[in-house]
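Have a look at these structures, which come just after this line.
Paired with chain B in one complex and with chain C in the other, chain A is shared by the two complexes that follow.
Up next is the complex of A and B:
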């Protein structure tokens, strides 16, 4: 093995890694936000609206991410949606993650004991206030482990963005491999970068969990 | 404090084909304590929850101080705003406490004052701390529910209800989830409330409380209100064989 080539390709790989982090972070945050909206619609909207949203969920969950990206990036211009690779990738990640996040929020909400919501109704709280003050905080807490878990899964979906030429880490690694034939070294570096990213996320996630659930755990 | 009256007239409730309340009539006078007793599954909770319309009754009337709750007219639902307005003056205490676990005791009690009554935070906390002091929890205000015993949690729940200055209090088996040694502290708080002239409807299996505190005791079985009378008439000289058999079972279970 020969790692000297990293003198030449190091900066490009680092920039690729930065783009990977950017795509992951924004895609996760936006996907969560969209998922949350979907989960609230599923819980409160009238039936026809729920059906439409359900159809969206089935379509997105039933198709591979790669196909969604192709449709968005190469099919988009046909309906006037002309996006650069990076924004297209971000939008794609957001859409791809949203139904999974929605499902996670939905079961998070269902874990909130109904009695605690009734207690709020009994003192005359509006449904909006109940969502804001009771359902969301408690639902988010029970959803947290699954949210973190799916965010970690999403880190690895970012490599697919290289196929529509988003200049993220996989893209840079591919370029380096084809130019130097150092496939092994390049992919080892890729693995290392991902390990660092995933490890960091799960550590931060675990801390967040202990902090947030500190008061919620019954002392026995 | 002004105490409410409740009139329940020919109330029926169905869960699908299941007839859960059958033509229930009950009169609750202002400032009086009514205990609802009866076997499990007889419809006590359902009836209690119809009083603040957490459960929708299908026919009949429930009136609080003469005002119909839940409906503007038979078959025509009341607006959410009007219903919330009426619920403000009805406190409810649940078997499972139902405190909000992400808030301290003080925050649990202040929440309704801030979000429903619209009080400024400082004033809400002042009133909340007064309510908690009243139930004997002045030193536990900063605890989260997970750091309180069951009896303490239920007292916080009572404080949460009385801080809203209700004119009527509903209790659904408030001591049934408690270890026996913690039942007394909750019943004592309830006795104090009763002595202050609060109208109270209490679903309970605590026959001692019913005998000593209630002004009237109502017995339910299979969705029917079988009888309602003074505690001594219901608990000591019941005419109805269904009440007699319920009390016999109760005494057998509690003797050793």
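Up next is the complex of A and C:
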């Protein structure tokens, strides 16, 4: 085994890691936003719209991320959607995450006691205000652990973007290993790297979670 | 534009390849169930070394993306002198990865059983062996069935990644089909439809089991 290649390829790997973080952060934020919109549509829109959104959820959750990326990146140009690898990957990650986030928000909203919403109505709040002041803050807090959990899962999905040539960490590692024939070392280090990354994020996430829930328990 | 004939024609070879997706998923979950049971037992065992090992096993396999695991496994085997076909390597990787999730499902199911169950069994004079085989395990396994179906759905989707190491399944077949027809849009949508059909069937089975096993 020979690990000196990591020195030589350091800058490329760092750039790849920056892209991984970029894809993950933007994909998570955009996916969450889209998921929130979907969850609100599921709650308030008329029935036909809800059916369409439900079909979207089932389709995205029932198909592999890789196939979704292929449809988007290789199939997109046939209907005039011509994207570079990185934007395509970001869009793919957003679309892929959105139904899972939507389900998380939906169950978060369901955890809001109905009495709170009735009370808000009784004192004359409009539906918009109820969403803004009651449903969102309370729902978000109960959705928080699941949101963190799914965000961690998304870090692992970013490596799949390398298959459609998004220049993220795994893509750079693959390039390095094909140029130097050090396949084993490269992938082994990548595995250890992800292990540490995911473990660290989950620890931070758990701490964040206990802090916020403790705060809530003190208040009630 | 979207060409319907191309779309319909690509179903033939893709459905043929679907048997390998199913084979990988079912063998993977079978292997995952066996290893998962062992890991779960290790996690609940009184020996700290076994518990540590199982905890590291679960944390590693859940922390590393399956695609990276596949490549590590794929490149490690020749180095340590094991020469197996790529298909076997892929199934073993998928199974090992699933074992981490399955052991957690089972641990959760066992933990969810009311403590009174094993206390009651002890009170009527059952030994530890009987308590496990006749009280705890039958209930825990039944309770975990919907979650296991869910895991199987995840595996069907995850099996698309083994296309990367050259194994012919739906995704790999659709890549080949897209390359020969120059119509990636229709072909990949067809592939998505097949995955969706498989997973919807599994989801229906899962819901049925949930109703059946609900006490």
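Note that in this section the second predicted complex is superposed on the first by the 208 of 220 C-alpha atoms of A that agree within 3 Å, B and C clash if a C-alpha of one lies under 4 Å from a C-alpha of the other, contacts with A are read in each partner's own complex, and residues count from 1 in each chain.
Methods note: a residue touches a chain if its C-beta (ideal position, glycine included) is under 8 Å from a C-beta of that chain, and two chains touch if they have at least 3 such contacts.
This one's a predicted model, so the numbers in the text were calculated from it and none came from an experiment.
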Touched partner set for A:137, first chain B, second chain C, both or neither: first
Partner chain(s) touched by A:59 [first = chain B, second = chain C, both, neither]: second
Contacts of A:68 with chain B and chain C, given as first, second, both or neither: second
Chain B versus chain C as contact partner of A:115, first or second or both or neither: first
Touching partner for A:164 - first (chain B), second (chain C), both, neither: neither
First, second, both or neither for A:194, with chain B first and chain C second: second
Larger contact residue set on chain A - chain B or chain C: C
Chain B versus chain C as contact partner of A:129, first or second or both or neither: first
Chain B and chain C footprints on chain A, overlapping residues: none
Chain A residues touching chain C - in the complex, by the definition given at the top: 58-59, 61-68, 70-71, 74-76, 78-79, 156-157, 159-160, 162-163, 170, 183-184, 187-188, 190-191, 194-199
Chain B-facing residues of chain A, complex: 113, 115-116, 118-127, 129, 133-134, 137-138, 141, 215-219
Residue ranges of chain B in contact with chain A within the complex: 52, 54, 80, 84-85, 87-88, 90-92, 94, 96, 98-102, 111-112, 115-116, 144, 146-147, 157, 160-161, 164
Chain C to chain A touching residues, read off their complex: 1-2, 59-60, 62-69, 71-72, 75-76, 79, 153, 157-161, 163-164, 170-171, 174-175, 178, 183-186, 188-189, 191-192, 195-196, 199-200, 203
